[in-house]
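Presented sequentially are two complexes of chain A, the first with chain B as partner and the second with chain C.
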Partner chain A sequence: MTINLAIVIPFLMAILIPILYRRFTKLHIGWLVLAVPVIIFIMLVRLIPFVAEGHTYSHTYNWIPSLDINFTTYLDGLSMIFGLLITGVGSLVILYSIFYLSAKESLQHFYCYLLLFMGAMLGVVFSDNLMVLYAFWELTSVSSFLLIAFWHHRKASRAGAQKAMLITVTGGVSMLVGFIMLHMMTGSYSVHEIIRNVSQFTDHQLFVPAMILILFGAFTKSAQFPFHIWLPDAMEAPTPVSAYLHSATMVKAGIYLVARLTPIFGGDAIWFWLVTVAGLVTLFWGSFNAVKQTDLKALLAFSTVSQLGLIMSLFGMGSVAFKLGYSDSTIIYTQATFAALFHLVNHSTFKGALFMMVGIVDHELGTRDVRRLGGLMSLMPLTFTVAVIGSLSMAGMPPFNGFLSKEMFFAAAIHMRDLDIFSISSIGILFPVVAWVASIFTFVYCMIIIFKTFFGKPYEKSEGKPIHEAPIGMLVSPIILCVFVVGIFIFPNVLGQYILKPAMASIYPGFAPAEVLTPKIHAWHGINMELLMTIGVVIVGVMLYRKLKTWKPVYRLFPYRFSFNELFRHLLEGLESGSNKVTTSYMTGSLRKYVLYIYLFFIVAVGGYFLFSGGFAYSSANDAPVEIYELMLIIVMLLAGISMLFVKSRLTATLLNGVIGFGVSIFFVIFRAPDLALTQLIVESVTTVLFLLCFSFLPEWKREDSPKSVKISNAVIAGAVGALVVVMSFAVMYYDEFDSISSYFENAYELAGGANIVNTILGDFRGFDTMLEVVVLFIAGLGVYTLIKLKARKEDTDNEN
Partner chain B sequence: MEVIMAIAIGFLFMAAVYLMLSKSLLRIIIGTGLLSHGAHLLILTMGGLGGSAPPVLSEGVTNMADAIPQALILTAIVISFGVTAFFLVLAYRAYQELGTDDMNLMRGTDEDDE
Partner chain C sequence: MKINDVILRTVTKIVVFIILTLSVYLFFSGHYSPGGGFIGGLVLASAIVLMYLTSDIETVHKGMPFDFKLVAALGVLIATGTGFASVIFGKDFMTQAAMKLNLPIFGETELASVVLFEAGVAMTVIGVVVTIILSISEDE
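Now for the complex of A and B:
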């Protein structure tokens, strides 16, 4: 029940914010918003001891039970980690934003979107039902779109938001297809039910397609190569948003999904290869590209991409344990998953702090360009401390938490070497090598953050105002995160026992006791391969950093034209111009064409149906007898109709139209419909008068001077439509599968108190129809009136267009 | 009788469609009028033309005409009148503004919107 509340509270608050905003004139509205994540955080923290003992909390609220779609919340170790991150980092980010955003910004929008995002994110991690999870998943995309485009007057913001939206939603839709496939296989949308029964379905032909489609969704969300291109562009968002969405939460939704579904797909070789290789490539590519960035935020964006790749690859490596099954020798592979969870938490702490640090620099100096920054150490000592702690932790240096998880990452990569399933043995050596090389680049860009910003030539602000430390309010959040960075290094096993252990249990259900899966984390475990690798990273990293200028031209080897960004742009432009071409090719603005489309479709669809279904029927058994006067009337009407096509003057045409109209009313008389006949007589008279009235304002009736071919094609279409109508009326008249429903209305006197059945239908049985018909007439009258009146203010309307 | 009616309706539809495909606005309007005449008759014919008395309940009447098509047509007549009136005024305004009733010259394009 608590968990349902945790999802609902942010949404409720998001609704209330725009209302409350007007009353909060003195106090920053952020203080009110801050209460939301803090409360949920405390609620979750109170549950930690129970979850650590292996309890899970589940609550189901039936939504669409017939479709197997229910609001089932589920709290276990894995969702606990994410829930704590979302609300914990969320609290700090909101606290930070109170000082970062001035009251002049449209804060009610900002916090409304942020709460929307927070609720959606909590929904993703706490939902057990895949369909509900998907709905929340897309809501995170939408709310992140709104947040990235918060400064929507800037073109780059809009472009970044659009790119993020397009890529993540495309992935989301593919994921939806994957979920539906899972449902088709297993008959359930509940993750836990599927996990319980998955062993029966691994050979199903949809198993691999579903896996790939779902992974596509996870990879786009978590900015894995080559879908990472949206993340750097999303840095146009205000820094609190970047710190929240693009380091701690949204990009980790993909990772959450991979972790959550590992018990389902983990035993498959394709899963292992896709997740691990995508992760490793992303790790390398992100860190390699981060080095060349000059904007500090872009640098952090690429570093986030790279770190996400690291976590992803660890989950991939950890899935091997499913293939091998549980034994004392395979337990070592589950440690990769443990390292992934550990690094997930660590990354949120140090990357959040770093983003906030960059935000402070940007806020105080007005630039984030490393080429212009420098010498800030003495001016902003606290900010400098945050930067050093965050960067060194990211680089994997002691005494910070990044060191521990980086060592475990190296260890996991080294273990991959010994693996001889999935035909790894030949290329197993690549795992540690890629990990090591990527770590070197990570080290280099961490050096760039520290040295280029805080050392060297002092930064000169153009206005000459003195540079000073940020207000304490902005520093509180990053400092708290730094305390965690150091604190986790000192007491890693507290985190391990209380938070990571239950999460291991939910990723490896029934695999082994959670205690076995949770290793003791040590900072010092003797001189071994991992430590040597770290030392190597430092040595080579320092060398590369000092020689940065000499090898930087290597980046020019990749021409911009061939980058994924350009590819994406071309794709988008191609789509746009392509669809534009297609649309303009048939939307020509010619009415004749449009009418033609309608009738051609009519002919093809209806005619085609008759052709293939054999719906045509004919029997003259029940026909009414033909009277001679009826025949004469028909001949008159037909003559009028046909000659209308050839008349020379509009007066004749109108009169002929009148002839047909009056003919129709006589038919109504003949076929015992007195009401219709009366109405038709009146309407026809008025119409004819209306025509004549309009003639004094309308041009002369001109001969159609269209080319012969056009006329002939018109005639063919018209003939075909006429013939089809004949066929259709036959089919309807001689269709006798159902009885007529008219007998119901013959009881009109008892049901509606009227003897005239037509009147009772109009006034009673179908009274609403008649009322709406009056509305239609009213609207038409209004249209006529305004069309005539508009003339008076012609000049105004021209300008409005 | 039904067969003859059906064929007559077909001819009405043919003439209506031919008029609607022409480029003069006035012809198109008359075409729509013709189309609604055809449609009314079609509905009436679909219900069967039998029945020896109007659908009004009274002593001794058993074989009544079908009331439902008549109710439908009554609605349709009124609506088609509204549409025709609106069309006519639209044509009148368009001619005043643009000085033509040739649909080939009256095509709006995206450029006009901006």
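Now for the complex of A and C:
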């Protein structure tokens, strides 16, 4: 129940914020928002001891049981880590944003989106049902889109938001297909049920396609190579958003999914190779590209890409343990997963601090360009401290938590050499080599952050205002994160025992007891290969940093034309112009054409169906005799219909149309359908008024002067539609392809308590339809209103586009 | 163009009340006989449209100072809200409840939550119809 609340609270607050915003004009609305993650964080912290003992919480609320979609929340070690990160980092980021965003910004939007994201992200990690997980997953994409485009008057913001949305949603949809395939194989959407029964399905023909499609979703979300291109562009978002969504939480959703599904797919060679190689390539490519960045935030973006790759590759390496099965000698490979979880937490702490540091620099100086920055050490001592702690931790230096997880990463990569499954043995040596090379670049860009920003020639501000330290409110959050960075280094096993151990148990269900899987983390483990690698990283890194100018031209070897960004741009432009061509070819703006399309489609689809299904059957045996007044009514309607073709004014045509409508309603009365008759009467009156209103805006009615061939073809189509409707109305009486549904409503009085069966259907049996129809009606009304009232005001285009 | 519509105006003054009464009747009778939220709302909307036709927009607006967009939005909120209400009581989405009461004047009366839902439908219909007609007619 607590977990359900944790998901619901942010959404509730997101609704309330715009309302509360107007009430509390004096107070920065952020303080109210801050309460949400803090409360949820405390709720989760209280559950840590239980989860650490190996308990899990699960609560199911039936949503659409017939489709196997239920709102099942599940709390175990893995979702606990993410839940704590989302709410913990979330609290700090909101605290930071209170001082970062001035009250002049449209704060109610900002916090509304942020809360939406928080709720969606909590939904992703706490949902057991894949369909629910998918819904929340897409919601994180949408809220991320809104947050990146928060400063929507900037062109770059909008472009970045669009790119992020397109890439992550494409991945999301493919993931949805993957989930549906999983359901087709296993008959369940519940992750835990699938894990329990997975051994029966590994040979299924859909197993590999489902895996690849799901991985595609995870890779796009977690910015893995070559889908990483959206992440640097997403840095147009306000810095709190970058720190929160694009380094600590949302981009880790893909990693979460990989971790969550490892028990299902782990042990498969394709899974191992895809995850590990994508991770390693991303690790290298991200760190390599980070070095050439001049914008501090872009640099951090690439470093995030690279660190995500690191975590991803570790999960890949950890998955071999499933292939090998559990034994004392294979336990060593599960340590890669442990390192991944450990680094996941560490990365959130130091990267969050670094982003906030960059935000402070940007906020105080108005620039993030490393070419212009310098000499800030004495001016901003606290910010400098944060930067040093964060960067050195990222570089994997002691005494910070990054050192511990980096060493474990090296260890895991070294162990890969000894494997002889999945044909690893031939290239096993590459794992530690790539890891080592990427770490060197990581070290180099960490040096860039520290030295180019805080040492060297002092930065000169053009306005001449003195540069000073940031307000204390902005410094609180990064300092708290830095305390964690150091604290985790000193007491790593507290984290290991309480947080990481239960997560290991949820990734390796049925393996050894979690105690065995959880190693004791030591800062000092003698002089071994890992330590030597770290020392090597420092030596080579310092050399490379010193000689940065001499080897930087290397980056010019890659022409911009062939970059993934260009590829994406070309693809998008091609798509846009292509779809534009297709659309303009038939959307001519002529209403007559559109009606023609609708009728043609009707003839082809409905007529074709009747033709091929052989559903037409008719016998006159059961027909009631036709009364004389019915015949008269028909003649009146016929006359009205035919004369409509020859009248010369719209008014007359409308009135004649009304005659037909009222004729139909009289038929309803005759056939004892008072509900329908009533509705038809009123609708007829209201639409007549509408017609008349609209006519005053239309030009004079001109005689149609299209060529004869067009007229004839139009007449044929009109005739065909009419004939088809007649055929249909005869056929429905005898159609037996589907079962009759009237039996559902036979006990209407007992079931719905109403004697009027029409209304019990509308309000109860099919109440869901009615509800959605109401919503659609409302949207249509709003559409008409906005189309007419808010016509593109030409003078309001002071935007950049 | 000036039209002499004295007859229409006079008739409207009386007829509107008849239509309004009818719409209320239709709304409440929906559970057992023809009527219901949609029809009731539509009848009420047509009464309002009739008033707009006979007198000008400002006069009607003085009598009914509602923003009909808000009416429609409120209707949607009520219609969806009643669906979620059952969730709060631990039932499935859109479960309707009913109870029988003995009221002083009305005798045995049934109170059903579906009435709220229908009220939402009716409000949406009224709001949307009037909004569409008003926005088209106000367009310059």
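The rule we apply is simple: the second predicted complex is superposed on the first by the 585 of 801 C-alpha atoms of A that agree within 3 Å, B and C clash if a C-alpha of one lies under 4 Å from a C-alpha of the other, contacts with A are read in each partner's own complex, and residues count from 1 in each chain.
The criterion applied here is as follows: a contact is a pair of C-beta atoms (placed from the backbone, for glycine too) under 8 Å apart; a residue touches a chain by one contact, two chains touch by 3 or more.
Source: prediction; values computed, not measured.
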Inset, instruction - Classify the contacts of A:F768 with the two partner chains as first (chain B alone), second (chain C alone), both, or neither. - result: second
Inset, instruction - Would you sort A:Q108 into first (chain B), second (chain C), both or neither based on which partner it touches? - result: neither
Inset, instruction - Identify the partner contact of A:A624: answer first if only chain B is touched, second if only chain C is, both if each is, neither if none is. - result: first
Inset, instruction - Mind working out whether A:L777 is in touch with chain B, chain C, both or neither, as first, second, both or neither? - result: both
Legend entry - First, second, both or neither for A:N62, with chain B first and chain C second: second
Inset, instruction - Check the residue A:L690 against both partner chains and state whether it touches chain B (first), chain C (second), both, or neither. - result: both
Legend entry - Per-residue touch tally on chain A - higher for chain B or for chain C: B
Inset, instruction - Would you sort A:I788 into first (chain B), second (chain C), both or neither based on which partner it touches? - result: both
Inset, instruction - Report, in rising order, the residues of chain A that make contact with chain B in one complex and with chain C in the other. - result: 674-675, 679, 683, 686, 690, 694, 697, 755-756, 758, 762, 770, 777, 780-781, 784, 788
Legend entry - Touch list for chain B against partner chain A, complex: 1-24, 26-28, 30, 33-34, 37-38, 40-42, 44-58, 64-68, 70-71, 73-75, 77-79, 81-86, 88-93, 95-96, 100-101, 103-104, 106-109, 112-113
Legend entry - chain A residues within the chain C interface of the complex: 62-63, 674-675, 678-679, 682-683, 685-686, 689-690, 693-694, 697, 752-756, 758-759, 762-764, 767-768, 770-771, 774-775, 777-778, 780-782, 784-785, 788-789
Inset, instruction - Please give the residue numbers of chain C that touch chain A in the complex, ascending. - result: 26, 30-39, 42-43, 45-46, 49, 53, 69, 72-73, 75-76, 79-80, 83, 92-94, 96, 98, 110, 112, 114, 117-118, 120-121, 124-125, 127-129, 131-133, 135-137, 139
Legend entry - chain A to chain B touching residues, read off their complex: 588-592, 595-596, 599, 620, 622-627, 630-631, 634, 637-638, 641-642, 644-645, 650, 653-654, 657, 660-661, 664, 667-668, 671-676, 679-680, 683, 686-687, 690-691, 694, 697-699, 701-702, 704, 706, 714-715, 717-719, 721-723, 725-726, 729-730, 732-733, 740-742, 745-746, 748-749, 755-758, 761-762, 766, 769-770, 773, 776-777, 780-781, 783-784, 787-788, 790-791, 801
